[in-house]
Structure formats: C-alpha cells, structure tokens
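Right after this note come the structures.
In what comes next, subunit A is part of two complexes: it sits with subunit B in the first one and with subunit C in the second one.
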Partner chain A sequence: MKRAAAVLAALVIVVLILAPLRLNGYAINLLYITVLSIGLAYGWNIISGYAGYFSFGQIAFFGVGAYATGLLVADLHWFWMPAAFAGGVLACALAIPLGYVMLRLRGPFFAMGMFGMAQMVRVLVTAIPATGSGSGLFLPPGSGITEVYYWTLAICAGAIALTIWIDRSAFGLRLQALREDEQVAGTLGVDTTRAKITAFALSALIPGLLGGGYALFLTYIEPDAVFSSRLDLQSIVMAILGGLGTVWGPLIGGLVMTQISEALWARFPQIYLMIFGGLLVALLIALPRGIVPAIADRFAARRNA
Partner chain B sequence: MILLQLAINGVLLGGVLALSALGFNIVFGVMRVVNLAHGDFVVLAAVFAAYEFAQSGINPLLLLPLTIVAGFVAGALIHHLLLRRLPGEIASAEASSLTLTFGLSYFLTGAGLATFGGRFVSVPYLTGAFQLGPISIPQARLLAFAVAVVLSLAFAFVLRSTALGRAIRATSQNLDGALACGVDVDRVRTLAFAIGTAVATAAGTLMSFLYNLNAQQGVLFTVNAFAVVVIGGLGNYTGAVLGALVLGLAESFASYFVGATLAEAAPYLLFILVLLLAPGGLRGRRAA
Partner chain C sequence: MQRSRFIRTVSAAAVAPTLATAAAAQAQAAPITIGASLSLTGIFADGGKYSLEGYQLWIKQQNAKGGVLGRQIALKYYDDQSEPATGVRLYERLINEDKVDIIMGPYGTAITAPAANVAERYKMPMICPETADVVMFQRGFKYIFQGLGPVQTYLYGVLQIAKDHGLKTLALIGPDTAFSHALVNAVPEVARGFGQAIVYTEFYPARASDFASVIEKVKAANPDVLLAMAFPNDSIGVLRQLKQSNYAPKIFYEAVGASDPRYVESAGKDVNGVFSVTAWDPDGPGAENASFKASYRAEFKRDPDYHSASNYSSLEVLAAALKRVGSLDREKLRDAIATTQVKTLVGNWRVDPRTGIQLGYTSYILQWQNGKQVIVYPGNVAHGKPIFPFPVWSSR
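Here is the complex of A and B:
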C-alpha cells in the first residue's frame, strides 16, 4: 500500500514536470491555475485547518507578494525569481507583527477581521502612487508561462511537504491542541501565542511566494486582480471540501473543484455561478467534514467489519 | 454648515444600515452563524425593486410587503432544508455554516445575474430634496430612513413583547437554559433565520433608493452589516443601531474628507479597531 502510493506519487510528479512540453496554451494555463489554487489552499489549511483560526484574508499576502515582485522587477530590474522569493519573505515578515495583533481575535471575529485587513491593504495599495495607484503596474515581458508554472509547482510541492511534516510533528500536535481548546492547550504547557504566530507566518509565506509568479503570469497587475476575494474564497472552499486540517484535503478538494468549475464554465456560462454555489451547498450537506475524512471513515469501517 | 450636511447624510444612511444589520444580528445571536449570504438578499431585493419600477412603474414601497414575505419564506426554507442539517457538534461546525452560506451567496448572485442581468440599477423615485436654508435633505433618503425606522421599531416590538421574541432572546442568551424551559429551539432558529432574511430583503428594497446596484454587490452589504454588528456588540440590538449610525457618519465624513477610494476602507478600519480595543462592542459587556 505504502509502496503503491510512493510509485503513484512519483508518476504524478514526472507527469506534472513533463506536462508543459506536450500541452497547448489553454491547457497549460488551466494546469497553472489548478496548481496555484491548490498551493493557496495548502497555505490556508495551516492556520485555518490545523490551528483552527479561520482567515478570510490570506489573499493579502498573495497581493503583497505580487506587488513586491512587480516593483522589484519593473523599477529595480531584478530577475523575477529572487524578486518573487523576496516577496514571499516580505509577506512572511509582515505576518509576524500582524499575527501578534490579529490572533488575539477568535472565531468569526478573526475571520472577518482578516477580511477587513485584506481589504484595507488593497485600498492602501490603490492609494499609494509608487504602486501605480489603482491603474496598475506593467511588468517587462521576458519569462514565459512555463517558468512560472515550474516555480508554482515547486512551491505547491513544498507546501504539501510542509503539511506532511506538520501533520506528523510535535508542532502540528500543538496546533491541533490549540484548535480543540486553546485554554487547555495553554495549561498543558503549549506556548499558544508562539505556535499560532508561527502557523500564521507559514500560512503567509506560501501565498507570498505564489503571488510573485502570478504577477509574472498576468504581466500587468492591479489591486482587484491580485487581492482577488474570489481566488481567496475559492481556495478556502477547496480546503474545506477536501477536508479541513488533513494532509490531502486541499489537493483532493482542489482537483474536484477546478474540474467542476472548468466544466461548468465551458458549458453553462450563464448560470455558472448559480450551479457552482448550489453544488457547493449540496456537497457540504452530503459530506459535512469533507471528502478525505469521509473516505477514511469508509476504509476504517471496512477494516473493523 | 457642510459638517451638518454630512452629519444628516450619515444619519439617514445609518438608519437603513441599521435595519439591514438587525437581520444579520438576529441570525448570529440565535444561531452563531455568520450569514455570508446576508448581503445577497439585500441586493437581490434592491435589484428586483429597481427592475419592477423600470418595467411596470410599481412603487417600491408597495412591493415591500411582497419582498418581506418572500424573504421570510426563503429564509425559513433555507434553514429548514439546509442549515439545520449541518452537524452541530463537530469542531468544524463554524466552518461548515460559513461554507454553506458562502455557497448560498454564490447561488443567489448567480440567480440574480441570470434573472436581472449585470447592469447597475436603482429606483429614480422622489429625486428632489427639501431645502432647509443651506441644508438639503434628499427626499428618497428621508423616506428610506423613515420606513427603516418604522420597520426597526416593529422588529423591536416582536423581540421585546411577544412569546416568540422571548423565545428568541432566551435561545441567544443561553441555549441549554432555553431547552430546559421547553423552548422548541429548532423552530425558534427557523423563525429567527426567516426574520433575518425578511429584514434583509426589506432593507434591500429601501437600498434601491440610495445605491446603484447589480447582483454582484452583495458582499458590500454583508461587510457593512458585519461591521455595524461588531461596532455595536454582537447580539446587542440597541448597539447595532448605534453602530449603524457610527458607520453611516464615518462613511459620509470619510468620503468628503479623504475621497471615495480611501473612504472604502472606513468600515474595515472601524471594525478592526473596535474588535481590538473594545472586543465586546461599544455597547457590549467586556467579552468573555
């Protein structure tokens, strides 16, 4: 079983690496967006799935990464990869003081507080002249979709590896303890502030790194495009649909969602949103804990029978 | 003088925001559900009113009873068929109600776009203004404000002086206590959600006087209602009215002094500050 999984994983990785050589423009774009959304879902899953702090504002870090990259590339003529890396580091560095303040809030207060924070960052970027204000920022052309795809694929793989580590580590146990009951976790000796700020910073690093690639992908960035609440919410739904706080939830949820979304968009553009929303509600009623836990339960039941 | 004018505009806007926030508040108070589809009910009612006004010239105020009943029935069905089925005991209960109302929000946006199209519409009704010296009071805003006040008072009456209102307040204050006293909590929740959506659609009908809207603007009103409720203290109804006035004034003054772009941040800034500095809200007890 373990061996089969390893072989399968290796096969998938090889296919994903070779994919750009065989695919046309449309398919590679779709693949890029799929990998990007899955990466975002993994980033969100750390703070919200494992630590239980539901954030509606992680897209702020994605936007910060995108804008940092845009400015470094357009104004200071950096090569884009170190620029995107710097964007990720900046997002992560911003998350530490921000987390120190915001993580005092809990439940829906934290969720909507982060939503408000992301909107404020968007408004600020729109107001600052250095970022081209609301009219946006042009990036010099030069790197193709293929490079951006590999960058994104590498970060997504890194995010999965990080999640596997968290799931097995003492750090992950600390996060899950504070998710179940923060006070009890505190009395058991968990430094809850430190654990959740670390989780928050990791949850900012991943979208920060992905944002730089997205800026290159768009070649023209504006606040509404990179602080996209749609992209944010979509990645949240992927993680929940797959299974909150599980290693494979974001991946499975992401694959299911992007496929459904794409198929609907192609066939029913008029009522796409309506079907998408209805389907989400139906899936949630049918599988309230997500796809991965539902499958795991079924296997466990069969083993016990 | 301009300050007085801005204050009047802010108060008039605050009245309608208060009505919308009351609907959001009752749902959170009774069910601990942050209804992400709240704003979509507001916007759908507004777009419907504007559409009917353009098609057949029906006065939106005459539509009000119809939209309230429609909102009530839709809310009762949504709770009875969907929200009630979410498991309550698992750790992700909050997550699943957020996701469910998020999906609902998409559904309503999609339905609105498919039915009414994406054009921004409003009701060009009572476009004049009363002049009181240098102050001008737009008639449509005044009317929307007055109707919102009447509906809010009706809401307060139901909550304070009826058996249902007592059951609703009991359920929000102490779920176990309410159960022990024989309150049919399931029924109370259905009715509370229904009242919440009915209030949202009523507020939306009035919003059609004030804003140019299409079906995609729902999130704006969800955020406004959330901000109002946070500022006033969750589950606190007089606080929500106060919060709505604060937000209405803030939007009015901010858009004059710092421009429309930065003024967009006003509700977010306000509610984050209130959350951090006075977590119980301006009228709330210190939060536990």
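Here is the complex of A and C:
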C-alpha cells in the first residue's frame, strides 16, 4: 500500500515535470492555474485547516509577493526567481507582527479581521508610488510560462511536503490541540502564541512565493488582479471541499474543482457559474467534512467490518 | 451553421449551373475565424457588450457582402469575466485549441496589457479597439495596434472649452482602475499648456456605490471644472450625488460613462449640461454612419455607443489589410496593418508603424442637451454650441 502510493507519487511528479514538453500553451496555462490554486489552498490549510483560524485574507500575502517581485524585477532589474523568493520571504516576515496582533482575535472576529487586514495591506502596498498604484505595473516581458509553471510546481510540492511533515509532527499536534480548544491546549503546556504565529507565517510564505510567479505570468499587475478575492475564495473552497486540515484535501478539492469548472464554462458560458455553484452546494451537503475525510471513513468502516 | 451551409451549397448547385462553380467554391471554403476574449460579466461588462455587438454586426454585414478574400468570417469569443488571468487563458485557448486565424483585442487596459504578451509570443497581429492607454504600446511590442485615439485626446477638448471660459482649477476623481488612472495621469501635461491647476485628485473603490464623501471633498476644494473618469455604473452615482449635494461646478465632465446612450435612461433630465467624450460622432455625416446606426438598432434593439463603433471599425481596418495581403500570412498582415491608411467609421486609421500607437483617430467632446448627446468639440465637426456653465440644480 505504502509502496504503491510512493510509486504513484513519483509517477505523477515525473508526468508533471515532463508535461510542458508535450503540451500547448493553453494546456500549460490551465495546468499552471490548477497548480497555483492548489498551492494557495495548501497555504491556507495550515492556518485555517490545522490551526482552525479561518482566514479571509491570505491573498494579501500573495499580493505582497507579486508586488515585491514586480518592483525588484522592473525597477532594480533582478532576475525574477530570486525576486520571487524575496517576495515570499517578505510576505512571511510581514506575517509575524501582523499575526501577533491578528491572532488575538478568534472565530468570526479573526475571519472578519483578516478580511479587513487584506484591504489595508492592499491600500498600503499600492500607496508606494513605484507600484504605479491603480495604473498598474508593467514587468519586462520575456520569461515564458514554462519557467513560471516549474516555479509554481516546486512551491506547490514544497507546500505538500510541509503539510505531510506538519501532519506527523509534534508541531502539527500542537496546532490541532489549539484548534480543538485553545485554552485547554495552553494549560497543557502548548505555547499557543508561538505555534499559531508560526502557522500563520508559513501560511503567508506559500502565497508570497506563488505571487511572484503570478506577476511574471501576467507581466502586468494591478491591485485587482493580484489582491484577487476570487483567487482567495477559490482556494478556500478547494481546501474545504477536499477536507479541512487534511494532507490531501487541498489537492483533491483543487483537482475536482478545476476539472468541473473547466468542463462547464466552455460548454455553458451563460449559466456555468449557476451550475457550478449548485454542484458545489450539493457536494458539500453530501460530504460535509469534505472528500478526503469521507473516503477515509469509508476505508475505516471496511477495515472494521 | 452546419445546416445553413449545407442548404446554401445545395441550392447553389441546384439552381444555376453557371453560377455553381463560383458559389460552391465560396460556400465550401472554410470561414476565416476571428477569436476574441471580451468582458461580458464583471466590472467591464457594460462596455464589453457594446464591443461584442460591434464585432458581430460588422461580421454579419461583411458576410452578406461575400466575406473577405472570398471566405466567410466566423467569430469565436469567450467571456473573460473582466479578469486579466482569464483573458490570457482565453487567448491561449483561442490560438492553441480553437486554432483561430486572427485574434482581436479584448475590452480595456487591464486585460489587453497581459493579452498583448500572448499576441506577441505567438506573433499574432492584434488590433486593440479598446485601449486608449498608450503605455503598453511603448514596450517594444511589434504585433499590437491601438484602435482608439490616445488618452490625451480624451481631455484636450474639454480643457480647451474650460480655457475659452477662463477656468483655472480642476478636480479629478475616478474609480481605482487602470483606465481611470491613465486618464488622470494624462491631465497634467494638457492642463499645463492651458495654464490650469489640479486642486484635488481622488480615486474611489472600483465598485463604489456611495459618492457622498468624495463629492463633499470636491465641493470643499471648489474647482471650476470637475472631471470624473467614471464608467457607466458609477457615472450615474456621481451625477446623482452632485444633485443631492446641490453642487454644480462650472464644467462637469464624465468620461467615459456619460457617453453611453443609456445614461439618460437612468438619470433623466439631470443629464443636461454633462460633458463626455466619444471616439465616434454618432451624428457624423456619411451614409455609412447612418446605415451603421440603423442596422445596429435593428440587430440589437438599442443604440450603439462608441465601443460598438470602435470594434466595428477595427474589423474594417483588418479587412483592408487582409485585402492588401491577399492571404492570412501573419507577418505580411502585421506589416499591412502597420502601414495601411483607411477611413473607418471612427476616423482615419493611421498608426505609428514602429509602436502601433494610434495617430489618425481623435476623440470628440459631447454634451447632453435636452436629453440628447450633441458633439460640441472640435469646432469643425460640432453639431452645437456648448451650454455653459453647468446649470445650477435650483434653476432646473
């Protein structure tokens, strides 16, 4: 069983690495957006799935990463990969003080607070004159989608590896303890502040690193495009659909959602969002905890039978 | 589509043997497919729908006349939902999956800018009928062409009228979108030439619906001229707020929202005196203009706005270039678009062959007078004199 899974994983990785050699621009584009959304869903899953702090503002770190990369590439003529890396580090560094303040809020107050915080970060970032504010920022054209795709694939793989580690580590147990009951976790000796700020910073690092690639992909960024509430919501729905706080939830949820969405929009351009919304509601009613826990339950039931 | 082609082929073959060879050959040749991504939902949907209808009308008329290069024209389009990343993906799809022969530009700066990159990468010439912003044409790209007069032309006329009346101070407001920023950024250069100063600038959120505070701040700055770079949805809101705040600057200009013919339907008599800008003179001379308006109304049950005319005209340019080339060779087509000079519905097409920046087209300043749009600038094409000043609300 374990060996089969390892072989399958290796196979998938090889296919994904070789994919650009055989695919046309549209297919790579689609693959890129899929991997990007899955990566964002993994980022969100750490703070919101494992630690139980539901955030509606992680896209702020994506935007920070995108703009930092844009400025480093356009104004300081950095090569884009180190620039995108710097963008991720900056987003992560920014998350530490922000997390220190924001994570004092709990439940719906944290969710709303993060929504507001994302707006604030957006305003602050675009207040920097060099970002061109609402006029947007042009990046030099050149790096093709293939490079951006590999970058995004690597980060997404890293995010999955990180999640596997969290799922098995004492750190992960601490996060789950504070998700279930933060006060009890505290009395049991868990340094809750430190654990949740670490989770928050990791949940900022991943979108921060992905944002730089996205800036290169668009070659023109403006606030609406990178502080995109659509990308934010999409990644949240993916993680929930797949299964909150599970290792494979964001991946499965992401694959299911992008496949359904892509199959629908070209065929039913007028009513696709309606069908899509309906399907999503139906899926979540049928599988309230998400796809992965539902499958796990099924397996567990069979083993016990 | 399949069926009508079948019927046409059969009837051509059956009815007249003498015509059969030519007609059958024409009916059998595959159509030339033009691909475009357009904003049919989301914040740019108002203009995006006019754009689509402009494309559709021209294609229908041209097909009735026998198409281009003896082939019919087909349009393949998708809705990009006003999202740049979706626009990029759709052009990739149009080029790689749908294998369209030619691509045409989407709606607005935010989507055209990244889409231009795709056009450049595949060396597909792309006329952009909806980008007044010039920045993306200054990046060394070879395959994109501007199909609207540059942003400066949107401002020159209204500021000239302001100067004629000795007005000195300007306030600029607009939604926080790329296009409205482009317009605001173009003001200082034009205003300096007229000795005018900007006393207030503010961008409100792109989907704002409450303009009370921004108008109060404008009122406090007390400018002679208020330029609102608003889209159709917010332009109505800004006008209503002026009335509620009982505020009337001497000149009130709303680009480009107030150029939508439906503006009067939502705002009624309050529209009188509002200035706006259009890339197309709806009451211009010439049979082509009259027939365009009549067929548009017959086809879509509403009046065209300048987006319709601009997209329609871009296909006229494309057809002229294709005729010169005689084939679908992309390199030759690129050169032909860059060097063709042709009269279209919206003006005389001429671009800088190096950058693709529009040199021939200009813009017209219009004013709402008695519920109708009247071109008031430039003088040689004006159909009326501007009403000045913007009437105070108590006198209406």
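Following the convention adopted for this analysis, the second predicted complex is superposed on the first by the 301 of 305 C-alpha atoms of A that agree within 3 Å, B and C clash if a C-alpha of one lies under 4 Å from a C-alpha of the other, contacts with A are read in each partner's own complex, and residues count from 1 in each chain.
Just so it is clear, a contact is a pair of C-beta atoms (placed from the backbone, for glycine too) under 8 Å apart; a residue touches a chain by one contact, two chains touch by 3 or more.
Keep in mind it's a predicted model, so treat the numbers as computed, not measured.
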item: Subunit B versus subunit C as contact partner of A:5, first or second or both or neither; value: neither
item: Partner chain in contact with A:244 - subunit B first, subunit C second, else both or neither; value: first
item: Partner chain in contact with A:170 - subunit B first, subunit C second, else both or neither; value: neither
item: Touched partner set for A:21, first subunit B, second subunit C, both or neither; value: neither
item: Chain touching more of subunit A, residue-wise (subunit B, subunit C); value: B
item: Which of subunit B and subunit C A:141 touches, first, second, both or neither; value: second
item: Touching partner for A:301 - first (subunit B), second (subunit C), both, neither; value: neither
item: Footprint overlap on subunit A, comparing subunit B with subunit C; value: 134
item: Residue ranges of subunit C in contact with subunit A within the complex; value: 78-79, 83-85, 88-89, 92-93, 95-97, 109-110, 113-114, 117-118, 120-122, 135-136, 139, 141, 176-178, 180-182, 185, 203, 206
item: List of subunit A residues in touch with subunit B within their complex; value: 48, 52, 54, 101, 104-105, 107-109, 111-113, 115-117, 119-120, 123-124, 126-127, 134, 179-180, 229, 233, 236-237, 240-241, 244, 270-281, 284-285, 288-289
item: List of subunit A residues in touch with subunit C within their complex; value: 24-27, 29-30, 33, 132-136, 138, 141, 144, 214, 217-220, 222-225, 228, 230, 266, 269
item: Of subunit B, residues touching subunit A in the complex; value: 28, 34, 82, 85-87, 90-92, 94-96, 98-100, 102-111, 113-114, 219, 223, 226-227, 230, 261-262, 264-265, 267-269, 271-272, 275-276, 279
